[in-house]
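Some structures are shown below for you to check.
The following pair of complexes shares a single chain, subunit A, combined with subunit B in the former and subunit C in the latter.
Take a look at the complex of A and B:
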């Protein structure tokens, strides 16, 4: 599709940029939807440990294959994220370290290992290694069309899986002891939901980076929660909020390439949250303030 | 290059870098001890991310890294995070982790955007944010008594000494507040002020480490040494001292390893801290995994040996009574191994039918069978269990009863010489 000659300077956006924007928007939307159950289950920061750990897998996958193929790197990141969650469970079972300290240990040590590997790769000048640093804070400018389609497809698959198990997920989110008493495999459902969060954290890496990607699965759901008490509405709203934040981040970092995408996405989501926090009709600060008067 | 010249070359460049990292680690470990025992590790995580905008704004306003303005900015940002988290919890009904997740990611994002957007006007490397620049620390010096001392080392030292003195001066309050905040409040301890003080201390330790190890890896220095020390001892002051030592050692080893393999010192220090923790999880003397496995294995082995002794004792009893030799079940492999061990240690010897108890073996077997039958008598009298339900619990507890308990059970059930099955209870050897 070619634009008419006169308006070309205004819309100097390549086909690739558009596809990437759509792909990242899909990721934002998916992360918003999947994140809802993490927030409802009061496990908002579990994804953070997985997110920081993805860097190790990304670096190892690069070292193993010697190439910077996004799918390979993301599979590596997913595996190391899952491994970190496994270590977290083990520490909880086998040591007397408290849960919060265990989370902080897994998060910081795995991030340290990731940084060590990435810096080592960069310092040795391995071709293509310099680009690994974009996984720290997210940079969508380097994504190809194929990458974007992959990210969107994985996000869609994750959302589809969640929608298929919506009834069970809702049950354990609101009354896990009832679910356990009536024979639902609560532990397996929990692992399934956490694994979905890990998937979204990994596909969110190119958009938001290891440090901030957890915001994608926390802030939109928390904002959506302010507007509604119904799970389907919350999922929908959260998806829309995530999508809008991701689009904003991609658009601004496309115009100002120096800015990493991740922080911009987070700032947009935080803005949406602030508006929701103050202005939501029932639970919002303003509405309650007026009711009390 | 000899070992010594590595530390003295270039005005002691490496020595200064290691000293700075060690000082930062010491301050963080001290604060981290209180954070970890008060279950506030994730507050440390949140604060270490959230000081970034405070530092960046202070630097934009003309402050220098390590200068007073930056310290104030960092403390303000840290308190802002905690205040925001509490506001989101009380006003928005958010759970604490969700509130922290919103607050610190947003503040960190603000900091990163300002750093990158104002990169030309700001004397702050974006890489510094993520993993610090310990390698460059020795090049920014101030003269002290004619010696060029790195600025970051001075800041870290001042912060550590301040924190240490404060901690020593308020130690009793800290311990009281950490372990029983309710009682502390009732006793008139200003709990809220102590907590705020801890938050300020966290911010100071973080900002002292910012230049050397970056905003994120400081979490490792805060939490990991304290969690490691907690596996080794249970006294709070010992945890604190041990955590400081672990932090200092990890800083030195991490720096040297990073130099050897040409990578980031901060990341390597975090990795070494993680290895220390892993080593203690495995090898801690009381509840390390290896110690626990050994205990369990040792106990299982003792049970196996005692069961075999008791089996041979019962076999002899059956023969003496004129019963046929009991051979309902063949011995398992474990039984055979235990028999061989008993023979090696001189507790059984080759006899006409398998093994015969020697003097020492008979003594031990007497105790086991005596425990077993006394317990059956006691259960038969007090628990109203049918006869065929007495054996399994006795089979379990016979390995746990000592002479004193046996004596008291005997006093309780009377000095009758037989158990509920009518078998003789052997006397205490």
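Take a look at the complex of A and C:
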């Protein structure tokens, strides 16, 4: 029996596909864990600004090296993400633009710049440049084993750093003025937490793309919050939700060719969110509805 | 040989604070020499909370100095316990009551060290002192406003400080919690601690505090409560709000009768 055209048989999963799936699952897990502090510190959109800005760095890194080498492109993306966050801070401090407006400006302008660069590269037919638009929506099928291992290692390192400083991060996210009065360097810790989010956004690019990767650091934490009243449990659940979403995206896009991974990951996360929002004990809509009756 | 003159526990010298270019506190000179219950009193927008935040380095000074035990705050942080305003945090945050109280021990623990049995014991005792031992495991959003304020007080107790600085601890707090908080603050004073409280309610201020400072962007008067809360001083602080003053007059009289 032959498989229908366009769909590979499920059992022919290659070694590479398996490694890539594991790597992307690790990224989803890490993004879920790190994202918790973006959400708890009420900075959910900051990651989005960084994410949209990564495209500029990816394109510039490609232009500079002339190769589509994932580590190099991601370093470029990370640097331009950080630069965007720097501009965000400057806008706020120097022009007194409000937070939401500043975020929207940085996000749209840097994304516009990134798209211009990427489409320019594609239009001029620079060899190897055709694959760059995969960073827009995510495309895991193109990942190599080495790429996947790198992504997983960076995610693991980010999670390790956060878990080590969990006490400090929780204190600052909950009550920054008490933290400052008792001698903790609140500004430095804030930068550290935002930088961790930027790292996860960058390693999440192959899985979800610049447009959607923010969903990986926002949706799993918000869903996890529904089920628990403790930060450590929230981190754990959020990691599991992120992992499951990423795995779903990788699996479906591996089986159905030319389907971008990012939208699938986001849809899976949204499904988990919907279930959590309705069905979680105590905080869920259904439980609250029953209590009110 | 003469012993060196004792430094004031808390001293503001010519403190000026501005938000942007708008000054909110002018040339505050204030020294507190003895452990007591000290009230910082004044109308809304007088800069009372700003004065506390300036003392704790949370807002920059445009001029002047603040000293605790004759030293800059940064040198003696560990001896100062802080209770911020309740509205400054998100009470839906996923932490338990005892998690919050444990935060009072973090500064002593330092980087990366987790609270151990000793810290948990301190947190338990602190919670018991404010009457919340039985809700230690609860998420903080499930408490009443008065209980939340007591959690913040317990966290400050867990700091095991020599000076306690409280920002509006009685705002939006039920009578039982007010009594409990005032009781704990009195105990601290008996134990030789200085307790500085920003407070907006005049009648209760007259009952509770040993000494007060009246503030309306400038220091109007400071000293023993009965000597400071005079009609003339209050007139200068709360210009034109006489109904308030009548109420206060009764409260001061009542205090005179009971003590």
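Throughout what follows, the second predicted complex is superposed on the first by the 283 of 293 C-alpha atoms of A that agree within 3 Å, B and C clash if a C-alpha of one lies under 4 Å from a C-alpha of the other, contacts with A are read in each partner's own complex, and residues count from 1 in each chain.
The rule is simple: a residue touches a chain if its C-beta (ideal position, glycine included) is under 8 Å from a C-beta of that chain, and two chains touch if they have at least 3 such contacts.
Keep in mind that what you see is a predicted model, and the values were worked out from it rather than measured.
A.B. asks: Superposed on subunit A, are subunit B and subunit C clashing or fitting side by side?
C.D. replies: Because the two structures are overlaid on the shared chain, the partners are seen to fit without clashing.
A.B. asks: Report for A:128: first if it touches subunit B alone, second if subunit C alone, otherwise both or neither.
C.D. replies: In the superposition, A:128 touches no partner, neither subunit B nor subunit C.
A.B. asks: Of the partners subunit B and subunit C, which touch A:109 in the superposed model: first, second, both, neither?
C.D. replies: Touch partner of A:109: subunit B, not subunit C.
A.B. asks: With both structures placed on chain A, which of the two partners, subunit B or subunit C, ends up touching more residues of subunit A?
C.D. replies: The partner that reaches more residues of subunit A in the superposed model: B.
A.B. asks: Of the two partner chains, subunit B (first) and subunit C (second), which one does A:66 touch, if any: first, second, both, or neither?
C.D. replies: neither
A.B. asks: Of the two partner chains, subunit B (first) and subunit C (second), which one does A:281 touch, if any: first, second, both, or neither?
C.D. replies: A:281 contacts neither subunit B nor subunit C.
A.B. asks: Is A:165 touching the first partner subunit B, the second partner subunit C, both, or neither of them?
C.D. replies: It touches subunit C, and subunit B stays clear.
A.B. asks: Please indicate which partner A:228 is in contact with in the superposed arrangement: first for subunit B, second for subunit C, both, or neither.
C.D. replies: Touch status of A:228: second partner only.
A.B. asks: Across all Cα pairs of subunit B and subunit C, what is the smallest distance in the superposition, given in whole Å?
C.D. replies: Subunit B and subunit C, overlaid via chain A, are at closest 8 Å apart by C-alpha.
A.B. asks: Jot down the residues of subunit A that show up as touching in both complexes, subunit B in one and subunit C in the other.
C.D. replies: 42
A.B. asks: For subunit B, which residues are in contact with subunit A within the complex?
C.D. replies: For subunit B paired with subunit A, touching residues are 36, 39-42, 44-45, 49, 88, 91-95, 97-98, 100-102, 105-106, 108-110, 112-113, 116-117, 119, 130-131, 216-217, 219-220, 222-224, 226-227, 230-231, 258, 261-264, 266-271, 273-274, 277, 281, 287, 289.
A.B. asks: Which of the residues in subunit A end up touching subunit B in this complex?
C.D. replies: 39, 42-45, 48, 52, 91, 94-98, 100-105, 107-117, 119-120, 123-124, 136-137, 211-212, 214-215, 218-219, 222, 226, 256, 258-260, 262-264, 266-267, 270, 273, 277, 283, 285
A.B. asks: If we count contacts the way the header does, which residues on subunit A are in touch with subunit C in the complex?
C.D. replies: Against subunit C, subunit A makes touches at 40, 42, 164-165, 167-168, 170-171, 173-175, 177-178, 180-184, 225, 228-231, 234.
A.B. asks: In the complex of these two chains, what residues of subunit C are touching subunit A?
C.D. replies: Those in contact with subunit A are residues 53, 56-58, 74, 77-78, 80, 82, 84, 88-90, 93-96, 99-100, 103, 106-107, 109, 111-115, 139, 155, 159.
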